[in-house]
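The structures considered in this document are given below.
Look at the two complexes coming up: subunit A is in both, with subunit B in one and subunit C in the other.
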Partner chain A sequence: MLYLLSFLVLAMLGVGIAIIFVKDILNAVILSTVVSLVASIIFLYIASPDVAITEAAIGAALTTVVFVIAIKHTKSKETSDKE
Partner chain B sequence: MRKFISILLLAGFVFYFATLAGGLMIPSSSADRKSVGLEILSRAKGETGAANAVTSVVVLYRGFDTLGEVTVLFLAALGISVFMKGTGEKRKTVLDQSFILKTGSRLLFPLMFLFGIYIIAHGHLTPGGGFPGGVIIATGFFVILLTSESVHFNKTVMSVLEGLAGLSFIGLGVVGLLGPGNSFLQNFLPLGKFDTVFSAGIIPLIYAVVGIKVGAELSSVVYAMKESK
Partner chain C sequence: MILTLSFVLIGLAVLFSLIRLFKGPTVFDRILAADTLAVITTALLVLMSLLFSRVIYMDVALVYVVLGFVGVVVVARYLEGGL
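Presenting the complex of A and B:
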């Protein structure tokens, strides 16, 4: 239990550090989804399923979609500037 | 003017943290906090009839708090809609999505919608409730919106749904205020049989209303973001 938790926390930390060094911004968004997903697994393990389901729905799904739409808009602007 | 506003904000934060610091001074042991949790666990079943004790806290013991949360979300959605209104021009770019992605999203959408409704309807029995359920429904809309460019939904219907849901939340609270309990968001319906879908008084009603509101709000937020220039 404790080993699993520490593994999950370390994984979260590792992915969080990886977000900073990733070059493509879309990959960074997907990695932040992974952080949220691991956080929701941790919430499930420490017996708070309500928080886990909210974290999974908002952190992993909603935030990603908002970021993806934002990236899509900025990218289309960037390409139109180049032309 | 800007300086004045920033000073006002700073003063607000200082006041907020000063209030928190005052709370820290009150001696509270971990045993005290534990006893609050145990007290709620032992009383929630008889008082609220909800099998999920977390829900009984969120909707009844701290119902006013939930109303505040819904209001904050509403203000955020309103701000985004105003900010993202743009020039009103329609985006002309049509992305060629693959056939598999389009069909998959159309297949996935009803399942996600159903799952969201399940999460909302069983909020008082299993983990979940209005907020996550509404977000899941909204995510289903996003999947459709992201993959098929030609989908449009009626914004007026969304606004009306959202407004009605918010009003009925407050209306349910006022009925509790007028009822025998004499306090805002007091339960006025029979508790029913424990651990069934139709139980726990007004908790399922409030969660349904919150779910509709959150789902409509977030769907229109993403619709506004997508349609903006």
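Presenting the complex of A and C:
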């Protein structure tokens, strides 16, 4: 079952690198949700289900809600230059 | 035997979802790929609970499938213009 752990770590690394290269900031928030998801599976794999529950609750729901509300209440750089 | 086959099929599903997550030109493709990845991951968590023969691992899948719904709904409401 070492293949599963290798696949998970490589997927997490790929998504984490992809966060740097996306242009839209909302895409980065969605990709960070996926990073938290893979981290939750890795925590479960190394036999710590309580940490996995906490990571799933915070990473899936709370981080996304806070980031999207923050994007909603701020302006992007282009619109603030025009005004 | 059937467990290995299930892991291989879930790995393929995760791989194709990750391809759409990386390539997806719009935000809608990426949020749809993230939601699909959450559903596939729930199946993976239940399968890992079966593999390790621990009932407590099933709670992680339960928490994730309840709370992963919230993030998708928040991003969808933001794209709709509500929130």
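The rule we apply is simple: the second predicted complex is superposed on the first by the 74 of 83 C-alpha atoms of A that agree within 3 Å, B and C clash if a C-alpha of one lies under 4 Å from a C-alpha of the other, contacts with A are read in each partner's own complex, and residues count from 1 in each chain.
Throughout what follows, a contact is a pair of C-beta atoms (placed from the backbone, for glycine too) under 8 Å apart; a residue touches a chain by one contact, two chains touch by 3 or more.
None of the values given here were measured: they were computed from a predicted structure.
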First, second, both or neither for A:L10, with subunit B first and subunit C second: neither
First (subunit B), second (subunit C), both or neither touched by A:A57: both
Contacts of A:Y45 with subunit B and subunit C, given as first, second, both or neither: second
Partner chain(s) touched by A:A70 [first = subunit B, second = subunit C, both, neither]: first
Which partner, subunit B or subunit C, touches more subunit A residues: C
Which superposed partner A:L37 touches (first subunit B, second subunit C, both, neither): second
Subunit B versus subunit C as contact partner of A:N27, first or second or both or neither: second
On subunit A, the residue positions that both subunit B and subunit C contact, one per complex: 49, 52-53, 56-57, 61, 65, 68-69
In the complex, subunit C residues that touch subunit A: 7, 11, 14, 18, 21-22, 27, 30-31, 34, 37-38, 41, 44-45, 48, 51-52, 54, 56-57, 59-60, 63-64, 67-68, 70-71, 74-75, 78, 83
Subunit B residues within the subunit A interface of the complex: 52, 54-55, 93, 119, 127-129, 131-132, 135-136, 138-139, 142, 146, 218, 221-222, 225-226, 228
Subunit B-touching residues of subunit A, taken from the complex the two chains share: 49-50, 52-54, 56-58, 61-62, 65-66, 68-70, 73, 76
In the complex, subunit A residues that touch subunit C: 1, 4, 7, 11, 14-15, 18, 24, 26-27, 29-31, 33-34, 37, 40-41, 44-45, 47, 49, 52-53, 56-57, 60-61, 64-65, 68-69, 71-72
